[in-house]
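Below is the structure I would like to discuss, written out as structure tokens.
Which chain is which? They are A, B, C and D, in the order written, and residues in each are numbered from 1.
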């Protein structure tokens, strides 16, 4: 579908919020929580924070929650009954105010969950999500979207992308069919003069490494243990990077509730030693350097080859969230610049 | 800063240590300083020490791939010094395993080569909660229980179970944490409300009488849960009831695996 | 609230309290039937996690009881336990969990009557506090 | 496969349980829903996710051959949370099964060839499926040799079947136990699998022979050089890998060996493939 351009004012957006609310939709948007800004359910535009470069966590929870029920079961008196989820009951969700890198991350998640076969629960959630992005007027030293194939005004993954062209005045790019439906719910969209361009309102994010050099360099470096040990000495082996990442989707499956309980899917991270530990005690990745290597290899080598998509959108969240400043940008740069 | 760098150069050049674990410049606003592992005298100029250097570097003493690099000199804040003593008391580090370079806010560097000298150094420090810490803690103690319950429920609801608190804690060194034991499954794996509460209770309890209040768990938490409050509350409890302070001596019983016959029991019927 | 019958789990040591509870029975003393007794080799074995599991599985109140100090089968386990209870109680309180829901006690093998009183008093206390639904509701919460 | 994709398992009734060793059991499972059973098919080499409801899932191969229809079998050692729970179940109880997953042993390509099976310890189960599969189609294959070893006599699994194979004239079975693992009445070989294989070498022709190797990493490590010396080409040596898995369908992210998913690209790999893969298994 061809992108349509319109103008929309803050007042109209507010009306859209109350319209969605009246339809019973869940609205997720960046919101101040304590000292941090993160995605949470909101009801009005007032609650939404758009000043930050990035939220702590991504919006992936809308389609890949921290913990979700796959199905429930009753195991009693030698009989087992399985109750599948009612996918119709999944919430209709509008995600508002996420950055173009986060919008693009939904394409990565789709590639992970649906590359070989469709993941029904993920797909059902995805179906019910509409994405209204807001392009970036500012970036920080952790941003590298332009090195990861995106940009501060990138439209990949958005249904509508907004760019603030004057205080309270937005250029709305209507990108998808879902976007058109959403826009149809707004009265008072104004036509956009041809002279209006978003470029002047976007952050400048200079490319910092040559992406095409990363995958071949990684393949070369795989067996260079010293390189990986050096890269990961600081790493504490936690899962903060994976859990804030909009494109990380590794998961665990756990049963809870005894005989009458649920089978759950929950987040997991390749940074944990337990992730690959065999019951026998053998671990194919026994040390942290190998786990860090896996993180980079997976996103920048395996995924491009197997799922035809980069496992990273350059949002920089992992670097900001890391307790010990494992800055992925630096690591990628040194990978790209490693001598053959 | 130059004193610190010179000391590092000297230790490395004389091969007294194989590595200096210290602070270097971080990569951006989110991390003005970060850990560096200096192995050559020529690299010592990247060492810094200022108010932004807060991480308790003793966490790296327990990391296998760092340990493999040989004997370390550790740039140690007061918290890190106490951590070293606590690790020694728990038989995790031995005398002469490492050399501490005690640093303070004034930029003074004091090399401490033995656990005994670390003890003497720590004995002269004020290890009480600061006035600010006491006031903040008191604010929560003074709430009514229902408000406290709600406060913690909201805080824990954000917990992702990323275990950054555990990773950052130099005293969370178990090779297999309770959360990784599944026969029985003590702590639920998923980050739902019950799993998050049990994890955080367990973490706090297992650090009771051991935590030195370095605050790294809270600094590491990506969603900003004030875990330090739990630790401070329990260390106050341990101090008030057992007159015990962690990380003061290289040979000490663990507060929670010892007892006095006259420990208080007014709550027991 | 008047028809609320609390569910109480008692974690007791084998040597003193369990024997005491047995004595209550052989002496045909009556006490609240709302208690489920779980026997341990020693109070030192009663980990705080077990208490949390009891609450998560529907307990409204908990009794933890063992040998009196200095009158003890294994010389020091109950002293160790006492320390952990002190700290655990402090933590529960700080988390806003009503510590009246956990009753600690020493009941010897000769104190059948004390056991009956302890259970009755705890049952009454929990009856007044009502069901521990705040905690029970945690189960399943946060699953999408 | 839509059912498996939603992670909803088939309900399987435990029909029969055999004790293989003190901690290894074989379970025969039949579909609770007969229709599902009729529509179900698999091929040798594939695996599944078996679950005890309330405890979780664990991954094992299907240990029975596809030529025996109406049931599947699995053999497992009581080791973790789920296998411990599984061990405690009785015939008649219901468990979950998702599958079949993964690739296969290409046995139709092997027709007309000699087959050499080499297994150690608890790794015989994946091979049992393919062994019975080719034995059930015996006339299509040349000589069949099985070398099987375990630490001790007690650790040998499928003892009844070993006896059956030993008694067949169209199968050559060499069984062995590690030195010190023998009993007074042990009649087989004594020695590690690679050593015993080396000793038996003169009887094993590498020409027109396919080797299948399953065992602990250390056994595999020492077996490959012996086979190479015997003249086996890497593409004629097959093995099946195990890694920790959760989903079985290439999504959960933990079973990969380099860029390969053990659950999708494997579990069956040739030695030629393994040579190009990193040591992440």
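Going forward, a residue touches a chain if its C-beta (ideal position, glycine included) is under 8 Å from a C-beta of that chain, and two chains touch if they have at least 3 such contacts.
Since we're looking at a predicted model, the values are computed, not measured.
**Student:** If you tally the C-beta contacts for A-D and for A-C, which one comes out higher?
**Tutor:** The comparison resolves to A-D.
**Student:** So the centre of each chain is just the mean of its C-alpha atoms; given that, what is the distance between chain A and chain D in Å?
**Tutor:** Averaging C-alpha atoms per chain gives centres 39 Å apart.
**Student:** How many angstrom between the C-alpha centroids of chain D and chain C?
**Tutor:** The computed centroid separation for chain C versus chain D comes out at 50 Å.
**Student:** Give the residues of chain A that touch two or more other chains, as numbers and ranges in rising order.
**Tutor:** Expected reply: 66-67, 252, 254, 256-257, 264.
**Student:** Tell me, which residues of chain C touch at least two other chains?
**Tutor:** 139-140, 142-143
**Student:** What are the residue numbers in chain B that touch two or more other chains?
**Tutor:** Chain B, residues with two or more chain partners: 190-192, 195.
**Student:** Once you've mapped the touching chain pairs, tell me: line, ring, star, complete or other?
**Tutor:** other
**Student:** I'd like to see which chains touch which, written out pair by pair.
**Tutor:** A-B, A-C, A-D, B-C, B-D
**Student:** Can you name the residues of chain B that touch chain C in the complex?
**Tutor:** Residue list for chain B touching chain C: 140-141, 143, 145-152, 157, 178, 186-187, 190-198, 201-202, 204-205, 208-209, 229-230, 233-234, 237-238, 241-242, 255-261, 263-265, 267-269.
**Student:** Write out the stretch or stretches of chain C touching chain A in their complex.
**Tutor:** It is residues 139-140, 142-144 of chain C that touch chain A.
**Student:** Which stretch or stretches of chain C touch chain B in the complex?
**Tutor:** 48-49, 52, 56, 69-70, 76, 79-80, 82-91, 93-99, 103-106, 118, 121, 134, 138-143
**Student:** Provide the residue numbers of chain A that touch chain D in the complex, in ascending order.
**Tutor:** Residue positions touching the partner: 70-71, 73, 75, 78-80, 82, 84, 112-113, 115-121, 222-223, 249-261, 263, 265, 268, 270, 275-280, 282, 284-285, 290, 297-298, 301-302, 305-306.
**Student:** Can you name the residues of chain B that touch chain A in the complex?
**Tutor:** Within the complex, chain B contacts chain A at residues 26-31, 34-35, 37, 55, 59-60, 63-66, 158, 160-164, 166-168, 180, 188-192, 195, 216, 219-220, 222-224.
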